[in-house]
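Report on the following structure.
Chains: A, B, C, D and E, in written order; residue numbering restarts at 1 for each.
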Amino acid sequence: GSDAQTDKVKTSASSSASAIEQIKQRGKLRVAVFSDKPPFGYVDQNGKNQGYDVYFAHRLAKDLLGDENAVEFVLTEAAARIEVLEADKVDITLANFTVTPERKEKVDFAAPYMKVALGVVSPTGEPVTDVSQLKGKKLIVNKGTTAETYFAKNYPDIELLKYDQNTEAFQALKDGRGAALAHDNTLVFAWARENPGFTVGITKLGDLDTIAPAVKKGNTELLNWVNDEVTKLGAENFFHKDFETTLLPAYGDSVKPDDVVVEGGKL
Amino acid sequence: MKETEKILLEVHKLKKNYGNKEILHGIDFSVHRGEVVVLLGPSGCGKSTFLRCLNGLEEIQSGSILLDGSIISDGKAEWYAIRQKIGMVFQSYDLFPHMTVIENILLGPLKAQKRKKNEVEKQAAELLERVGLLDRKDDYPAQLSGGQKQRVAIVRALCMNPEIMLFDEVTASLDPEMVREVLDVMKELAQQGMTMLIVTHEMNFARSVADRIVFIDEGCIVEESEPEQFFTAPQTERAQRFLDIFSYEN
Amino acid sequence: MDQSFIAASIPLYIKAAGLTLNLAFWGVLLSLFVGAVCAVIGYFRIPVLCRIMQVYIELSRNTPLLIQLFFLYYGFAKIGIKFEAYTCAIGGLAFLGGSYMAEALRAGIESVGKIQIESGLSIGLTRWQLMRYIVLPQALAVAVPAIAANVIFLLKETSVVSAIALADLMFVAKDLIGMYYRTSEALLLLVGAYLILLLPLSLFFRYLERRLRNVGLGN
Amino acid sequence: MSDWGINVIFQGQNFLRLLEGLGVSMRIAVVSVLISSVCGIFLGLLMTSRYVAVRSLCRSYLEAVRIVPLLVWLFVFYFELTKVLHLQLPAEFVADIVFSIWGTAEMGDLVRGAVTSLPAHQRESGLAVGLTRWQVYRYVILPQAVRRLLPSAINLVTRMIKTTSLVVLIGVVEVLKIGQQIIEVSILKVPTASFWVYAIIFFLYFIICWPISLWAKHLEKRWQ
Amino acid sequence: MKETEKILLEVHKLKKNYGNKEILHGIDFSVHRGEVVVLLGPSGCGKSTFLRCLNGLEEIQSGSILLDGSIISDGKAEWYAIRQKIGMVFQSYDLFPHMTVIENILLGPLKAQKRKKNEVEKQAAELLERVGLLDRKDDYPAQLSGGQKQRVAIVRALCMNPEIMLFDEVTASLDPEMVREVLDVMKELAQQGMTMLIVTHEMNFARSVADRIVFIDEGCIVEESEPEQFFTAPQTERAQRFLDIFSYEN
């Protein structure tokens, strides 16, 4: 895990040098990923990075450097996803990074490779089927997720219980600490299937959000390259393959690929 | 002059061990009401231990202690009640540093004896006046000199109206001038008829205040006599050797 | 720096500071209580309780608060005892702080001279009165620096409660960063908030410590 | 269900990974404790300086470190420093630095306390046998101060070990994060994994910190 | 008997303040080689302060101190080097508690004077032998009685081969027997011709050991005379009052 940071003390090369040249010189593409958000970015029981984002990262490395293992994963936390770019710790962030206007001010998003909608899961006995039912109740969300941003912005009067870890959020739902839990609908579906007694009362909420790779603000060279890459990969239906390899085993048939996958950067 | 008829404190065959070491080897001893007894003896002979036993600060292994005719050493008596009748002043300034002079003095009478506040305050003021410290009553111990602290400690003990007062080298850590202040207070007490048991190394004071000198060595009472006799012609060779230390001619 | 963002966030921080203070206050109070109970148990060497206390102290000092909280929050819910996050937070702080306070008070009590205890006894105080009027007040005075350090430690340690969804200062800062990525602003506000909470406290304790030293307690 | 939970720990490399994570925590703790001890002693001595300026400078350092949360220090050293100075420091190195800065401040305060608690006549006796000021520190003050500050210093060490879990914010993965990774991977299949994993981590911390506490008690007794 | 021709230590118009308060008001004073001078005076008169000035532990405000004819108080001389010629023993047992007796003694000679280990060890053994503590050389100070500690402290100072020894109430916190042990050691030193400056409250000792008595009150030297004269017929009324304190007849 932490060996991702073996580079010695050095000053980053002047920004005038070509960004892609730099990567090639280094021989490694540095990508920020999550380490604890299966099935998108996580570390498996053998200590290897896995997931939808990671699969994509390997492909990027292969196309840029000719070796799918020429990638250095920098494990990150939600709160540090932009900082790692700004401080030049990584070249690309692939960490389930939802595109929002605020974030666009800080980083440059490439074309999306995934989309999510929110789902709300609640106990079967007291199902929440409409957001209005949540007034005056507690809704469980995860810090730094789309669900949090969405409810904070659109329903400021719903009290949010915010957890760091997905497991903790779901555990809290089980313990009855909130009336419902809002998260990416993919995860919510999968979880409800494994946990009898809970249903996804709201399956789609709000606008469809897109998830895209991000690069440092102003790094147009790399941005353009990633955009081209996403378009190119669309031609070969790459993300469907990604889906089958990484998401399908986790979600089973509760989620249809076209609910999640974006090919060629086009919704 | 003094009423010495009635025995106030009596000790029979008192033995005291620390661990396996016997420190007091069966002491027989008594003090009459109004009597002033000075205990002398080399360092480590057991004087402090003896006083502490009388006050229940140390458990005794055998023997008995009687106060006013009733046994207090049988484990049945409540020491905290008995201690209200026995005042004790130690060598180290033992005032409670977090309380003012007057609070130090009132603590025992109010909390242990549950007496009325006005009455005790009046008595405390009188006693402080007598030792010349009434104006310092709201000071903290840290603001007092060693001699002043010891005078307050004496007042604190007196304010409990004890039947007997025990003094354990109360001047040993004082500067010479202060020694004098404190001894003067004790002397006055003696003259007013307080029953006192005093451990001291001030030979001149011992000689002038004592009704009786008790000389202890290695946990036994070796000699008991009138002060004049003890200081001019001690009966035992040990006492003689002891007295020699204090006369520095060379 | 985005000033409008800062302005908009200040109310959030004020509310969070309130929670932080609230948790720290009750946490410290309970810690002191737990610490005092432990110190008294140790002082009187109460047989069985003494052992239990030692186990508690070792457990609480040598494990992280985060995991202690986790078991309080989720663990007890598993066996049917559901504490509110707020209760857990205070309980956790007291569990952790109790052992620190116990050590501070123990050191304080040990520093009260034997002669003080004996003087107390010789004016006829009972053992309980002795504890109440002589030993504890002096022990507290001696322990003030250590207690002060613990109070500040606990106040900062409250940041861990964000793990159980309590919106304290650290929670708000991390949350704002995660949502809006105004990292500098959020952290600046965080430092500002801690400064306002901690600096007066720290200065006050320094003043107290110096005063106590000047009074010269414990001779 | 619950017998599933404990299995999680023995799947694949999980247990080894936890130990590795513990190794990371320990590496940071050991490095920063060593640095803090050395620097803390100097800081502590500076804090007893006769010059008000030196004392208040040290004091400001201490207050600054105490008031600003470690999380902020980590952010500043890892991200801001890079942005401003273009200095790329490895994350674990930054963790070492930040924990040393914090440890030095706390240790310095402990040393100051211990040194000032020594009776003045110890210093004077040292001077009176003709030692230089430095020799007095070296042979008289420090050896005694170290004995006095030992219990609280050990306290600090265990606290530093326990606090290392913060470094995950700058991408250093230590035992707690690995625990969370293991737990999250099992989110759908083994919901009870968290209890077992946390129990193991609880135990791991305890097994590291407890002997240190015991050793401190032992030394404290021996030096009485 | 003693060679008192050569002046070893000289003090001119020494003034010392603590804050705004002047403690020593211009002291003129000298000690000849081999002379034993005892400083007497009431508590707080400035005796300790004076000794501490001589040893550079306190800065002085004006005046000068000369050792062996050369000025040592001008801020140019290195005090740590001068202190190797001036031995000092304090009231509080000032041994280093974390070192054994022998380590305490060797510290100065080895580290400050950088002398050879064998040579110093030999001298230390001789000196310890002389004060009867050779067998305790590997004990820690906590294992010694107060009197033993003070004897070690004296040996520690002597082992630096000082030209003059300063003693500040070295027996003030000792039990009577121990006082005797320590005074005997000092007396022997005096007889061997060591130059000494002694502050003490042991009047008998002062009388028997001193070549000259210097009486200080309120930061001034009030009277200087031969011991016999001082104790039998002091010239000033202040000295008389001071001496009265020590004779307890009442």
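Everything below uses one rule, namely that a residue touches a chain if its C-beta (ideal position, glycine included) is under 8 Å from a C-beta of that chain, and two chains touch if they have at least 3 such contacts.
A quick note: this is a predicted structure, and the numbers were derived from the prediction, not measured.
Looking at the partners of subunit A and subunit E together, the chains they share are D. Minimum number of contact steps separating subunit B from subunit C: 1. When chain centres are defined as mean Cα coordinates, A lies farthest from subunit E. Inter-chain contacts peak for the pair A-D, counting C-beta pairs in contact. Centre to centre, using the average C-alpha position, subunit D and subunit E are separated by 47 Å. Chain centres here are Cα averages; for subunit A and subunit B they lie 83 Å apart.
Centre-to-centre separation of subunit A and subunit C, using mean CA positions: 38 Å.
As a whole-number value, the distance joining the C-alpha centres of subunit B and subunit E reads 35 Å.
Annotation for subunit A: residues 79, 83, 168, 171 touch two or more other chains. Multi-chain contact residues, meaning those touching two or more other chains, occur in subunit D at positions 75, 79-80, 194.
Along subunit C, residues 74, 174, 183 each make contact with two or more other chains. Looking at which chains touch one another, you get A-C, A-D, B-C, B-E, C-D, D-E. Of all residues in subunit C, those touching subunit D in their complex are 58-59, 61-67, 70-71, 74-75, 78, 100, 103, 145-146, 152-153, 156, 159, 170, 173-174, 183-184, 187, 190-191, 194-195, 198-199, 202. Contact residues on subunit D toward subunit A in their complex (touch as defined above): 11-14, 17, 20-21, 24, 75, 78-80, 82-83, 85-93, 168-174, 177-178, 180-189, 191, 193-194. Residues 1-2, 4-12, 35-38, 42-47, 74-77, 79-80, 83-84, 86-89, 165-168, 170-171, 174, 190-191, 194-195, 250 of subunit A are the ones that touch subunit D when the two sit in their complex. Every residue of subunit C that touches subunit B in the complex is listed here, in rising order: 113, 115-116, 118-126, 129, 133-134, 137-138, 141, 215-219. Residues of subunit C that touch subunit A in their complex: 74, 77, 82, 85, 162-165, 167, 171, 174-175, 177-181, 183.
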